[in-house]
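Just so it is clear, A, B, C, D, E and F label the chains in written order, and each chain counts residues from 1 on its own.
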């Protein structure tokens, strides 16, 4: 266990292993995505209440689920970076932020597009929606903070602090917004519960959720490889890698 | 008092120093020299423990220190007296008498209660230098302490530094001026390594 | 070039100088001396026309001037090149070649496009000093131009000042350092009056 | 080498100021963010009912524009004063009138203009009537320019003071009031179906007046306060 | 001569910070003026119908308090950073936890506390029900303290940045939202006749939480951003 | 296959605009997400290779003469490059 942990901190090892993981994971991911989307778009029956617009669920829910999970990945990397001072954790944190932000954006966007035909409006101030918006701000904050620092090593630590503080906040935001909304006016629109989903609709959804997780991993690893190269640009192993 | 091992620093794509190792002990007066941009300030900030990222190497420090940087840490809205009495370095609590004596030593007698923004450039820096007369820290790290100080002021300050090291303390300072002191002066030149 | 008659200034309840009269003409290199707080900066600001209230006496100036004050007028967010190209003194419009040459003269070759906040203290001041290599103004008023500049830099700057006065211009500067130039240096000591 | 002419110098100054603002996005983004945030916070604080939000819109948008301007007024000459650039500007051979005018113009370009251009977005978010939007835009364009010029006078008079930051708000607020009143009245007029032209004409007249006189006051103020 | 203890040092720091604020009244008066202005301008911009004003009062007062706090958050460590005092504070032998806590406390005393104490005045101006005023006061007292603590984290993380001023708003706004929601909900509860205690209790819990954790984050942030 | 024709799949009973735009934009974003690091990695590797070939020695100076920066002229590693 500890030796694995130790290896994780080693840039050349991480660079090599990520390369071999990506070689099989990336094609699988793309395949899963293509398969799942085609299945969802063309081979399922429409929802009896929402008609064909419900097909957006196959993007919306995986994106939302992985975007939320991504924040915890990022915050964990932040904690590791602060506690064990592991430099590769900074790289992971920095690599996770844009992926999480993009997935959050996709969840928001598909949600808004879905809202128009089903609710008749692009936007409502619902608990889940508002907290998703705030999640986007949190991701953007981490990215902007990293970019604003000149000293990238310090930047990693600053982002670690910020993402840890954000972890505390996410449940608070969710609860508070939930309560706020129900206080001011009763929720007139409810999400359809997952239990109401027919199994034939559920399988492609599950496939896509898994594919989105895999996609997140792929992007994370690819971003990390860039980060490792930038950080280790002057070392011997990179020099050898470039062919000098 | 202070040991440095294998310190390497790169800033803005330039290697400032590589594998720098030295140690300073009690009674040593060390002048860090180097052209503008050689990395003197960067080095002092690392030694003080202010910079903690972006360099490699070991720094070990075994004594409380006093650091004076390029910025004077003098609040323009406070008077010299208040600046010393409420100083944020937390080193000690000085009595009002000590403060007055220290201000008088740096030539600010009569200016104790003038707001610091109404002081001349040199007087402003002198408020900060007054801390040296109050400090008991065994290790002083001074970044260009002679800036904007007039000739007599420089002489006073030189003798203060000598007095401090003669008591078995250590002073490490940067300056572009040549000191004229009656004391063995080591020097660390940032483009050539340590000269005894 | 510049005549001063019966200048009297009081600041913060202290008489800094009284009935000061002097004139500087072409080819004169004048060092204003005095302890910290003697009133050198105040005098230079009056001569430059920046202070216009609170003193009595006559100042007459017959030539365009270049004034460098304690503050370096270098914008931290602009690069050295931009700082010179867009300088607010409105003296002239410099070509990019001139700017590069001037920056190289002050040792900032390679730093033309680094944001100024990433420069060391001395490099920051050097950006401002580069203006001296670009300026054609016959009268220079320089307030402590040697601050934070290293030894070679001081020598360069000294020879630049001499070169300027040798061309029939006038330089009036303050400094606490003794200059070592091959040129007759007048000095105005603010506690003792003008010495030839 | 001769000194550049008045216009060339003003152009250079304008460019410098704009670049400086762009390098420090805070100064641009803050008023905008502020604007956006107020608009976003209102549903959170007041409840997300569209109808009440709409009735708020004209006054709210104008008040926020005014506050955003007030908050950035002090920064006009502050950093130039602190790093010595202002001294150099005062010593420049070019007339100070045009120099300060380009400083104000630069500030307006990255604050007032941007704010006005973005206001339709916020107006939509607050459910303002679509017919009122062009008038809102126009009134903000004219009005923020007046606000910037007036704010510049306050900034010039207080820039040299070590402890006078609050002063500027007190000095310029009385001059801001008429602008606010005519500005929000113009938008309100469209909503109630009255022509908005008279209000807009008054705003335009104010702008001409301010353009002619404010730079004079600013120049005088700077020369005095450099010596404070 | 020995270094003063943690508490003595914090007390001294608190005193210094408060005196500094008092010497520069801008920092105190600006948020207050801002508060006063928004409250005074709203009737101007919206037309003074008492009933509608009253219904908006809780949310409005809370939004303004939040904005006032947001605008002053950046100044917490800024001037100390610029003149080198912050370096000295970081080198002090006393724990940074208590030092930053007293900095925040000083800021809260001259902003949040003052704002809360003055809020009844503004509440009356907006026709808020008299019964709701004590709750407003209490919720502002608790809430602004949380806001100051959270704002301090943002200030600590961004103080060393040359071009990141806007950032602080982006960083801390997500953390401000829950406070706004519970704060205005507490006041609203009184108006609708529901007990406000749960909301206040949650605010108090948030405060305890922030008091325990925010100084840690601030201390870490300062140590990091001093060499940005 | 649920739909009878291509037209039906495009229209989706009137919801086609929403569904297709949602899928389209999402796929675009995901593609960018994957392409960006891929291209970045290649660029970084290329830059490192050319940079080192040009200087013909490791970019880190091994002698101290390179470290006196400040006043000396260093053509090779100007910060802009």
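Worth a mention:
Basically, a contact is a pair of C-beta atoms (placed from the backbone, for glycine too) under 8 Å apart; a residue touches a chain by one contact, two chains touch by 3 or more.
All figures in this text were calculated on a predicted structure; none of them were measured in a lab.
For the pairs C-D and A-B, the larger set of C-beta contacts lies at C-D. A centroid comparison over C-alpha atoms places C as the chain most distant from chain E. For this pair, chain A with chain E, the centres built from the Cα atoms lie 32 Å apart. Note on chain placement: the centre of chain B and the centre of chain D lie 45 Å apart, centres being C-alpha means.
Measuring from the averaged C-alpha position of chain B to that of chain E gives a distance of 37 Å. Within chain A, contacts with two or more other chains are made by residues 130, 150-151, 154, 157, 180.
For chain E, the set of residues that touch two or more other chains comprises 23-24, 162-164, 167, 170, 173, 177, 181, 224, 227. Among the residues of chain B, those in touch with two or more other chains are 12, 34-37, 52-54, 70, 76-77. Residues of chain B touching chain D in their complex: 76-77, 115, 117.
By the touch criterion stated above, chain C contacts chain B in their complex at residues 11-12, 34-37, 41, 70, 107, 114, 118-123, 126, 144, 147-154, 176-177. Chain D makes touch with chain C in their complex at residues 1-4, 8-9, 12-13, 15-16, 19-20, 23-24, 79-80, 82-85, 87-94, 99, 223-224, 226-227. Interface of chain E with chain C (complex): residues 162-163. Chain A makes touch with chain E in their complex at residues 82, 130, 134, 137-138, 140-141, 144-145, 148-151, 154-155, 157-158, 161-162, 164-166, 168-169, 172-173, 176-177, 179-180, 183.
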